[in-house]
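What follows is a set of structures to go through.
Both complexes shown next keep chain A, but they swap its partner, so chain B is in the first and chain C is in the second.
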Partner chain A sequence: MSNLNTVLPPVSERSNILRWMRRNLFGSWYDALLTILGALIAYWAVRGFLTWVFTVAEWEVVSTNMRLLMIGQYPLEHSDRLWVWLGFLVFLSGNSIGIWARRSRFAVVLLLIPALLALFPFGDSPRQWLILLCIAGLVGWGFGRARPDVLKRSVIAGWVISLPVIILLTHGLSESESGFMPIVRTNLWGGLLLTFLLTVVGILFSFPIGVLLALGRRSELPIIRWFSVGYIEIVRGVPLITILFMAQLMLPLFLPTGWTVDRVVRAMVGITLFSAAYLAENVRGGLQAIPRGQFEAAHALGLNGFQTMTFVILPQALRLIIPILVGQFIAVFKDTSLVAIVGLLDLVGIAKTVLAQPEFLGLQREVYAFISLIFWVLSYGMSYLSQQLEERLGVGKR
Partner chain B sequence: MSRDEQQKTTIPFWRDERILRFLGQIVFVLFVLFVGALIYQNMKAGLAKQGITLSYSFFNGVSGFDIAETAFPYDRNSTYWQAFLVGLANTLSVGVVGIVFATILGVILGVARLSTNFIINRLAAFYLELIRNLSLLVFLIFWYLGVFLKLPRVKEAIIWPGDIILTNRGVGIPWGIPTASFPTFRLILIFGLILAVIVFFALRAYGQRTGRAPLTLLWSILTFILVGLLGWIILPEKPLTLDLPLVKGLNLSGGKILSPEFMALTSGLVLYTAAFIGEVVRAGIQSVSKGQVEASRALGLNAFQTLRLVVFPQALRVIIPPLTSQYLNLVKNSSLAIAVGYPDVFYVSNTIQNQTGRAVEMISLVMVTYLAISLFTSLLMNWYNQRIKLVER
Partner chain C sequence: MRKIFVVLTLFTAFVLALAACGGAAPAPSGETVTVKETVVVTVEVPVAGSPAAPAVVAPAGYGVTLETVKARGNLICGVNSQVPGFGYVDADGNFAGIDVDYCRALAAAIFGDASKVEFRPVTAAERFTALQSGEIDILSRNTTWSLVRDTELGGNFVHTTFYDGQGMMVPADSGLTTLEDLEGGTICVQTGTTTELNLSDVMASLGVSYTPAVFEDADATFAAYAEGRCDAVTTDKSGLVSRRSVLPDPSAHVIMDVTMSKEPLGPMVRHGDDQWFDIAQWTVFAMFAGEEFDITSANVDDVKANATAPEVRRLLGLEGDLGLKLGLTNDFAYNIIKLVGNYEEVYNRNLGPDTPTYIPRGLNSLYTEGGLLYAPPFR
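Presenting the complex of A and B:
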């Protein structure tokens, strides 16, 4: 070793593109090789994809059948009802953003999405509705921002009643065709509408069952614990499709003679029972993360077991697992597509109907690529949104 | 109050928590039994109306339907029971092939995701984000209808280097056909396997005795390959002859022909599951703290040794449990074969159920089958996990 006392000047670390490339792309000979290989793959894939999208693919099949893909065979004359509840949801979202994410510019941009969609060639009526949706969202946002304290309660109440409102508006009220809001039978529900309803109902109803199962699994009472463990492990050990088949074929057998259950409701029951087992495991994870001291403190304050759970443990545990719950929501959303196999006409099931039209034979790639796009955008959007919200609100951290 | 009196004043039983708990559980059991009995009664009444009694005796009847892909001899005169077994074998083969390839691709993706090379890193990240937000069912259908059935007809088959023929009738790959000397070769291979195991344990014992860490697995695999090669050379007649796929008229012949259904199912499952395994592997490697790497470099281990002796064993502990659930997911997801028409156990059972109307029996049988596969896989993985997990005081 030479003279250790020589002080070398610090290495200059100026960032320029060449140095960056040298470090990140051409560090060594195999790095260079990988870079070139990767660039070739990327070039080939992007070029192939773009060529297909812009020159080969025939997108009329999607634009012509947009209504089928979105709402299935839901009668067009009643589709205004769907727009109304969508407007209600957008209004509530705008309100919530105004109240809880006031600073977020990103969230406000979200409210402009309907207006953006209106630029696509969807026809006149949907375009007007989309613009109305955008206005509803922005108005809601303005209200929320102006009067956050007054509106908080009503917004929460709005979210609570939103599911009944959605179901009511979609299903209708009067038996006669001429009456107020005539009933639309569930066999006409389809497309993205059905996928959405199955997801929301599945998640909402599986939530209480999942929490109960998680508590049961941690219970000190052996029979309750065994029952919960048995349920959770059996459901998690079999594919969703077997549960859906069970719900379709065996549920009618389980009920007393004369009782009939709608096919869509059967699918909802199947998805709920399936999702509950997975949710239970997530909730259990949250429960396990709560330190013993919390139980002991609640006990010392004189709370009984039920009070300890509802007021001390569960609020903390559920808050901890919000990111995981969003993941679960996305998983259920993707899994609902399996109802197509038992013959429901959801987003995937309706594709067969679309492809059976004689003028669109052989366009499977276009149709399924479009459906994949919808799934991708919605799933990715949800996970991105939840990440943003977690960061902003500090959810999941304590 | 005297001591005697104090003991006598017991809590009344309706406030005694022990008794309440006991009673609560009894009530729960009675409730579950009641609901169960109700369901059973309804089911029996409903089935009786259809003229069906619950039993599996129909399983010995003649199936009367064909199955496109069979691992062992089967035709329409075989029984339902044999049809079910054919389906089970197909499920297992998809499961094994899927797990092997998904693991390889997943590890590559996970390592690529952590690469310092910008392009490789971004490509892997893009792939993971793309796949993880898709619906598997749509993905599988896309591969089947959009890719494998859209391949050219047999007459205009695409031929890839290595004699791989791509057509809409299936994908032909070269395959070995056993000759007369194959049984001898199989014996040699078994001998090689035994020798490899012996080498494995000997090297491990040597490592434990001396404190050095020989490349145990590598040497034992090399032993096996060496024995196999020697056998190949020594035998006068080659044990396998290479059979190349050929286009013959309107069909493919020779080699091994993989049906579009099988290809769509396995490639879809592999590409989908690999994305999830990639995330698992990335998280596992990232969980090993930087200090461990620095410490091992300070001890004079080179990069490869650091990876093999320090990073990998620790990462494996984090990786194995979620990897297990990904394997289970893959096997369970293989039931989506019904969407692409591959005759796995679920598809075959569904056919049987459609023919016989035995919904209750078939669905419960399929559920038990999947439960058994899941249980077996997780037992295997748990056993492995026990072996590698941190030994704590």
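Presenting the complex of A and C:
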């Protein structure tokens, strides 16, 4: 106890892969046994899959039908419009990352994805567009880094108008085939494009409806409360597929002759209304977690009910439920594949169609593996973004 | 407590109402009769001019569909998007298949332009409702013609475009040639289909005992057969052919020369518009007649220039006004053959010997060659 004042340096050990292995994998004889056994099992499990991926699988079915899987029957001569809005989105993302994200490593990785994709054999036109996307993202990122304060407002405005821009560019403007941006009817929308649009519309529209329903359920006015309760419980009691079937099959019978509602719009409305009911309950969970003191404090400050909700309660409640919300959004994304059952050619629908091509009969595994990969990448992307957002907002830390 | 009671009552009422609606959706029989009535009345409104005149029901719809289609500028055709050879989307994003080509022929007959057709993929569950509600003008989606469908579903079947039938596939080296040979064997079959019922009917009447191995979907059924878990597999012959082509060794399997059911597949139109029915019907016949008179898309212009036979001249619109009687132009059959082809060309394009989905013509030959294709005279 004589040298309490001498602070010894921490035991430093040169980090070395061999040493790490000896410590963690082969620490004792049973560790070594377990390690070898585990490695054998992993090898045995993965080997079959890898052999299949690299030698057996005929990926030609995917590369030949890449266009169908991505945009369905959307006319190729108008596909530039889709690239334009994709570029717009990438630019906005780059900008946002530049302004808000702290780690630039993440941004660079994300923005280089188009460049990586360009290495795949997609043909010349998509490759040029992918490189343009990459440039758009990097330029946006650079701007965001350089002038964060100036650009904040315009980026937010950009995100707000992005959905109308996407729909406008995808749908087109002029009736005549030769005019500026001819209309592409929704029966030609398909593949990942349709899945993406159904998801985005479903999420963006169900969110406000869900918040309103959650507030309605806690309302003190009985009619509003009963309506909200009734709506939520009825919709939650019915499977999504039933709602989609109702929208596609029963609705036309109720409408007067000559009235038709676009089939894609019907699916969008169905998904939105369904998801809103689930969101409402998620949001209500968040609202219940806010202590009474917050309401009382807001009242004491002289805020009225609307201001209390908008400025005090909802921001806290929504921050709390980000993980649940993102789970719900991922569920919406995957649920959109149910529209294949009512005859829309979304990613799953178009995959089934591709499987019926006589030259590619019997290649179910390749096609389904590919679309599973797409679903996984996008779902994981959403999940990753939400983790970044949580970290930034300090969820779970304060 | 009272509050809870009220809520519970309301909830029960909602659930009951919902159950009533939900029950109507999937059941194609019973409920649909009322549905049919609604459609007939609504269709007739534009013609009558005022909604207060629903006195004559059936003839009032006459001509409405053609008018609607012409006003819209294209035909909306309900097709399958998942059956090789019959209806699918090729890598360029165009629909293809024999059912799809029929739609093109109909568009050619109406507009003189085979591209004026919008294909709408419909699933088995929604196809009849889509037709009843006017979502589609015609259903051309490998639909089997049967009495119940012809009457209860508010539609009429046009002449059959493909005669299918349930068949049986066995390994070539098994030596099985007749259904009796399958005594005591195992047969792979998809559950919940007419195929399964049909198999048990046929085997019962033959007095052959067998073990059915049932599977939820077609992929699983054929996977089990490929693994040798059953001695034979059964489904419609068109399905057997396309499935055989993807087995590891297609030549090691044979389709028995037995037909266990009648599956006449053809287009379907709504009840109540006989003119539209006639147009759809004679579009099929024009394709048959084209093959019968050896008129193809390649030689139709020559034939038209040099035709002497009166029926050929009438068919191609050089004499008489057959097309006008249908509400079309006189050269409607010429347009069909020129733009889409005769029946043989369409068949060979989709199901012919050069395709992976080859199905021998069999019953789908002209009557002169022992088949069932027989067009009434064009006069």
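Here is the rule we go by: the second predicted complex is superposed on the first by the 338 of 398 C-alpha atoms of A that agree within 3 Å, B and C clash if a C-alpha of one lies under 4 Å from a C-alpha of the other, contacts with A are read in each partner's own complex, and residues count from 1 in each chain.
Methods note: a residue touches a chain if its C-beta (ideal position, glycine included) is under 8 Å from a C-beta of that chain, and two chains touch if they have at least 3 such contacts.
Note that the structure is predicted; figures quoted are calculated from it, not measured.
Trainee: So, A:I290: does it touch chain B (first), chain C (second), both, or neither?
Mentor: Neither partner.
Trainee: Between chain B (first) and chain C (second), which does A:G72 come into contact with in this model arrangement: first, second, both, or neither?
Mentor: A:G72 contacts chain C only, not chain B.
Trainee: For A:P256, decide between first (touching chain B), second (touching chain C), both and neither.
Mentor: A:P256: touches chain B and chain C.
Trainee: Please work out whether A:G349 is in contact with chain B alone, chain C alone, both, or neither, and reply first, second, both or neither.
Mentor: After superposing on A, A:G349 lies in contact with chain C but is clear of chain B.
Trainee: Could you say whether A:Q364 touches chain B, chain C, both of them, or neither, answering first, second, both or neither?
Mentor: Both partners.
Trainee: Just to be sure I read the superposition right, which of the two partners does A:L117 touch: chain B = first, chain C = second, or both, or neither?
Mentor: The answer is neither, since A:L117 touches no partner chain.
Trainee: Per the contact definition in the header, classify A:S383: touching chain B only (first), chain C only (second), both, or neither.
Mentor: The first partner, chain B, only.
Trainee: Return first, second, both or neither, reflecting whether A:V265 touches chain B, chain C, both chains, or no partner chain.
Mentor: The answer is neither, since A:V265 touches no partner chain.
Trainee: Where does A:V84 make contact in the superposed view: on chain B (first), on chain C (second), on both, or on neither?
Mentor: neither
Trainee: Report, in rising order, the residues of chain A that make contact with chain B in one complex and with chain C in the other.
Mentor: 234, 237-238, 242, 245-246, 249-250, 252-253, 256-257, 341, 364
Trainee: Contact residues on chain C for chain A in the complex?
Mentor: So the residues of chain C touching chain A come out as 7, 10-11, 14-15, 18, 21-22, 24-26, 35, 38-39, 42-43, 45-46, 81-85, 87-91, 93-94, 118-123, 125-126, 129-130, 132-135, 219, 242, 245-247, 355-357.
Trainee: Write out the stretch or stretches of chain A touching chain C in their complex.
Mentor: 64-65, 67-68, 72-74, 76, 185, 187, 226, 229-230, 233-234, 237-238, 242, 245-246, 248-250, 252-253, 256-258, 260, 341-345, 349-350, 352-359, 361-362, 364
Trainee: Quick one: which bits of chain B touch chain A in the complex? Just the residue numbers, please.
Mentor: 21, 24-25, 28-29, 32, 39, 42-43, 45-47, 49, 115-120, 123, 129-130, 133-139, 141-142, 145-146, 149-150, 328, 332-333, 335-336, 338-339, 346, 350, 353, 359-360, 363, 366-367, 370-371, 374-375
Trainee: Going by the contact rule set out above, which residues of chain A touch chain B in the complex?
Mentor: Touching chain B: residues 23-25, 27, 31, 34-35, 38-39, 41-42, 220-224, 227, 234, 236-242, 245-246, 249-250, 252-257, 330, 334-335, 337-338, 340-341, 348, 351, 364-365, 368-369, 371-372, 375-376, 379-380, 383 of chain A.
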